[in-house]
Amino acid sequence: MKKLINNPERAVDEELAGMAAAHGDLIRIIEPNVVLRRDAPRPGKVGVISGGGSGHEPMHGGYVGMGMLDAACPGAVFTSPVPDQMLAATKAVNAGAGVLHIVKNYTGDIMNFELAAEMARAEGIEVASVVIADDVAVKDSLYTAGRRGVGGTVLAEKIVGAAAEAGADLKTVAALCQKVQDNVRSMGMALTSCTVPVAGKPTFELGEDEMEIGIGIHGEPGRTRMKLAPADEITEMLATPILDDLPFKSGDTVLAFVNGMGGTPLMELYIVFNKLAQILKGRGIAIGRSFVGNYITSLEMAGTSITLLRLDDELTRFWDAPVHTPALRWGV
Amino acid sequence: MKKLINNPERAVDEELAGMAAAHGDLIRIIEPNVVLRRDAPRPGKVGVISGGGSGHEPMHGGYVGMGMLDAACPGAVFTSPVPDQMLAATKAVNAGAGVLHIVKNYTGDIMNFELAAEMARAEGIEVASVVIADDVAVKDSLYTAGRRGVGGTVLAEKIVGAAAEAGADLKTVAALCQKVQDNVRSMGMALTSCTVPVAGKPTFELGEDEMEIGIGIHGEPGRTRMKLAPADEITEMLATPILDDLPFKSGDTVLAFVNGMGGTPLMELYIVFNKLAQILKGRGIAIGRSFVGNYITSLEMAGTSITLLRLDDELTRFWDAPVHTPALRWGV
Amino acid sequence: MSGSTPITYDDVIAWINTFAASVRDQKEYLTELDSAIGDADHGINMDRGFQAVIGKLPGLPNRDIGAAFKTVGMTLVSTVGGASGPLYGTFFLQLGTATAGREAIGLDDLIAALDAGVAGVQRIGKAEPGDKTMLDTLLPARDALREAAASGASLQDALARAVAAAEQGMLATIPLVARKGRASYLGERSAGHQDPGATSSYLLLKAAADAWSGAAGGTAN
Amino acid sequence: MSGSTPITYDDVIAWINTFAASVRDQKEYLTELDSAIGDADHGINMDRGFQAVIGKLPGLPNRDIGAAFKTVGMTLVSTVGGASGPLYGTFFLQLGTATAGREAIGLDDLIAALDAGVAGVQRIGKAEPGDKTMLDTLLPARDALREAAASGASLQDALARAVAAAEQGMLATIPLVARKGRASYLGERSAGHQDPGATSSYLLLKAAADAWSGAAGGTAN
């Protein structure tokens, strides 16, 4: 295992200390491992928090700040945070207007957030939860854990954070989050595995001529292992199930998000974007907004995911609204 | 070789097409492979261009836009661009106020930019060139090619771009660029090599327990190969030669830039930043501005570089000034 | 009848310590199982939790079995995270509620406590038998324990049968296609791999049998 | 004297074509050499340039050796990039200036042209002999050619001696610590590796010897 770390058990703590040192103007770290907006709680504002395992940086800690999250709860690498974190975050951001929990659909995240929500409610805080489950690689079913929450989460946090910043109430903010979930779909693939620091070796082995299609964001294997293919074919393999699922239709306008899994150079993401733009054009779908980069990652995994969000004026307006966080900044 | 590409020979072209598709509001691509600010030339404004081999994304193409570069010239991967590109860029951005060439100190970059500058001057365009050579891993000497230009380049482009945007004339802009060069130092290391697409295999092989200290940004080996060390020790190894070189002194304020080489997760960069902040504190040096991320890369190489720029009010003001490019945006 | 061989407070502590040692021992193995169909952290998660637990045990104020189980449960909830944190946490919290205030319990009490624990896991995890989860170990183990008790078996014999049933349940997860937890994302690819949570639950039963082989009910075996 | 065995326009084109083929052939090898002390692109760069060059040659309007060399130089400058683009580009541009308007040249003309080419490389690259660059091949080759010519050797013999000197110069770069180009960043670590540019320059001399072994000056050899 080759990593710039000192001690696998302390990696997340030292990371948070580094974030605090680098971004003290935007965030502060409170016990037990909560990344908190510097000026939280904001009077009258609905609090928006999220969280999940570490290893997906900049998600979620990098998205704490004006116009996005009020707090983030980073767990151990790829491990849902514990309820104590979400409880502390909920209390720290609550200004009386209630708190929204944006939860990615993983058994652990769901259960840990739910425990925290119950405890917070017991303390008199109004909590609403919205679950993001946008990964079309996973078949949706009432009898399973359902779809994973992946790239759509970043878009939801930005859009919902803007609405909360603008003063929307908890019900409105939660409904907007659900609207994002209802209009967003994603799918990912990996060229390599990644190594959980504490585990010390790659989660799975892939041959030099193989790839995994339909992966999540935890270094887990995907739906199918295949022979390596050119970028254009891979882009088709990801885009087609996304487009057919919602389904996206001719005349739609989308936010096109090409994400790197952490170890993929920008050059390759733009090559994927180039093909994605051609595919969308071929289907009569307009690209209203573009988003390209390593925004929701799996440590150093090489690979990419595509997320498409169907835009309307409201979603576009909140996407464009000012944001100022360690990882995302515009309009300010 | 595992990459999201279609054809190694076409990778840069398809990347540029993808950039144009994603960022058409900011940039456009003109022949022969020049990333041009959408609204260039800007009347009365000094043009600022840079360029170099591809594979360092987001540098330089990602830095074209308001408040930074007017144009970037991407060569083949790790290969200096040809003079035709710099000539076309110089002509396209020239608005009569002259053009600054920000050149990284590599034999190829120097010669190709110089050929272009001569041709542009022959066409009546005023051209000034400033060479960035900030890598303390390389001994400086009159009898050698001298130091490489690395992380300091990104800071120079931002600061100089802001001054040009504010209306400074060519002489002032060039002097400011030289001032950045005079106050910036960097050093990098690698945990892994990278693979030039056309070459098809890693540039060098490193054992599972080895690292290279004192690397540049072209996948070249470094000054020394060593046994892998904890992040804190590595940070010391990079920071100490930087601090001693200028030298930085107690009471100085710096911009602290921890850069990823492309394949390094943000988690690790923050762990490095955490230690760097401690080292600076120990020397009585204040961190005026922080900058953490993959901003000047070597394809998918795992590793990091540290850059320190001694700040004064002028440099700080231009660093803070609004910028709007595909990869860097604030204040707007 | 089996209620006559009491499980003391010390036995309970021994069980927890034995399980913690077993988890530490099998940490890599559990993580390896989780690599195949999950995210390579189950052993790490369980070990983090039980290391925290054994740090808490010496500080317990009185010899209340229920309080000890509750401490285990709360510690797991607060330190494990992931799916296993709330699941094992709830399991032990329910054990604690069922044994609150007791300094010793009988086999029947243990069965009732397991009933409550398993129900808690089912309530928050919403899994069914055959979904390829820890339930596939816990349910048959509890049933075997109950049947053994009904047939008048000793605590040790009953536990031996429960461990055998747990092992069968654990092995039976191998061919299953997961419907719950992270392994469900793999669809058909999850078949052919043993479930990590079912494996740690087997170790939990095994730890009880090991810890109590010479203690509760005299020095039998 | 040697000037009596003319090098024709066709010979020059044959030289360039032979070198282009040799570069294509040795592309991986040159890139490999550049991996050790540079950035793994020298073979790729040279091949990209000479593929562009051979695409241009058929379109040349007249049998002007100088114009052909100039086209080679300009094409290299416009397509190679890196250090080798301007260096080889300037080399050929200078060859072109030295032979402008000529349809055939003699050995003396070739030496004068090489003189100009090498001077161009030195002027823009600012390297000295012993800096571990292509100059360490080109300079001894040119000197050998000049001495051979002075001693009345035939074109083929003179070229054979130049190739031998080029090979020696190339091999002599192995122990050198680089002072110019990318290899200089490695400091002492650059010693023990053959310079890629010195190697491609050796191939350039070798290509002339190969191309002209049976052509210019009759069918000697």
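Chains here go by letter, A, B, C and D, matching the order in which they are written, and residues are numbered from 1 within each.
To be clear about the criterion, contacts are C-beta pairs under 8 Å (C-beta built on N, C-alpha and C of every residue); 3 or more make two chains touch, one makes a residue touch a chain.
Note that the structure is predicted; figures quoted are calculated from it, not measured.
> Taking each chain's centre as the mean of its C-alpha atoms, give the chain farthest from chain A.
D
> Between chain A and chain D, what is the gap in Å from one C-alpha centre to the other?
Distance between chain centres, rounded to whole Å: 55 Å.
> As a quick test, compute the distance in whole Å between the mean CA positions of chain B and chain D.
33
> From the C-alpha centre of chain A to that of chain B, how far is it in Å?
29
> Pull out every residue in chain A that's touching 2 or more other chains.
In chain A, no residue touches at least two other chains, as defined above.
> Can you tell me which residues of chain C touch two or more of the remaining chains?
Not one residue in chain C touches at least two other chains.
> Chain touch graph shape: choose line, ring, star, complete or other and state it.
line
> Let me make sure I understand the interfaces: which chain pairs count as touching?
Touching chain pairs, listed by label, are A-B, A-C, B-D.
> In the complex of these two chains, what residues of chain D are touching chain B?
That would be residues 31, 35-41, 44-45, 48, 77-87, 124-125, 179-182, 184-187, 189 of chain D.
> Could you list, by residue number, the parts of chain A that touch chain B in their complex?
2-7, 11-12, 14-19, 21-23, 54-55, 57-58, 62, 191-192, 208, 211, 228, 230-232, 234, 256, 258, 262-274, 277, 287, 290, 292, 294, 297, 299-300, 302, 304, 326, 329-332
> Chain D touches which residues of chain B in the complex?
53, 75-84, 106-108, 111-112, 114-115, 135, 137-139, 141, 143-145, 148, 196, 198-199, 203-204, 216, 218-221, 223-224
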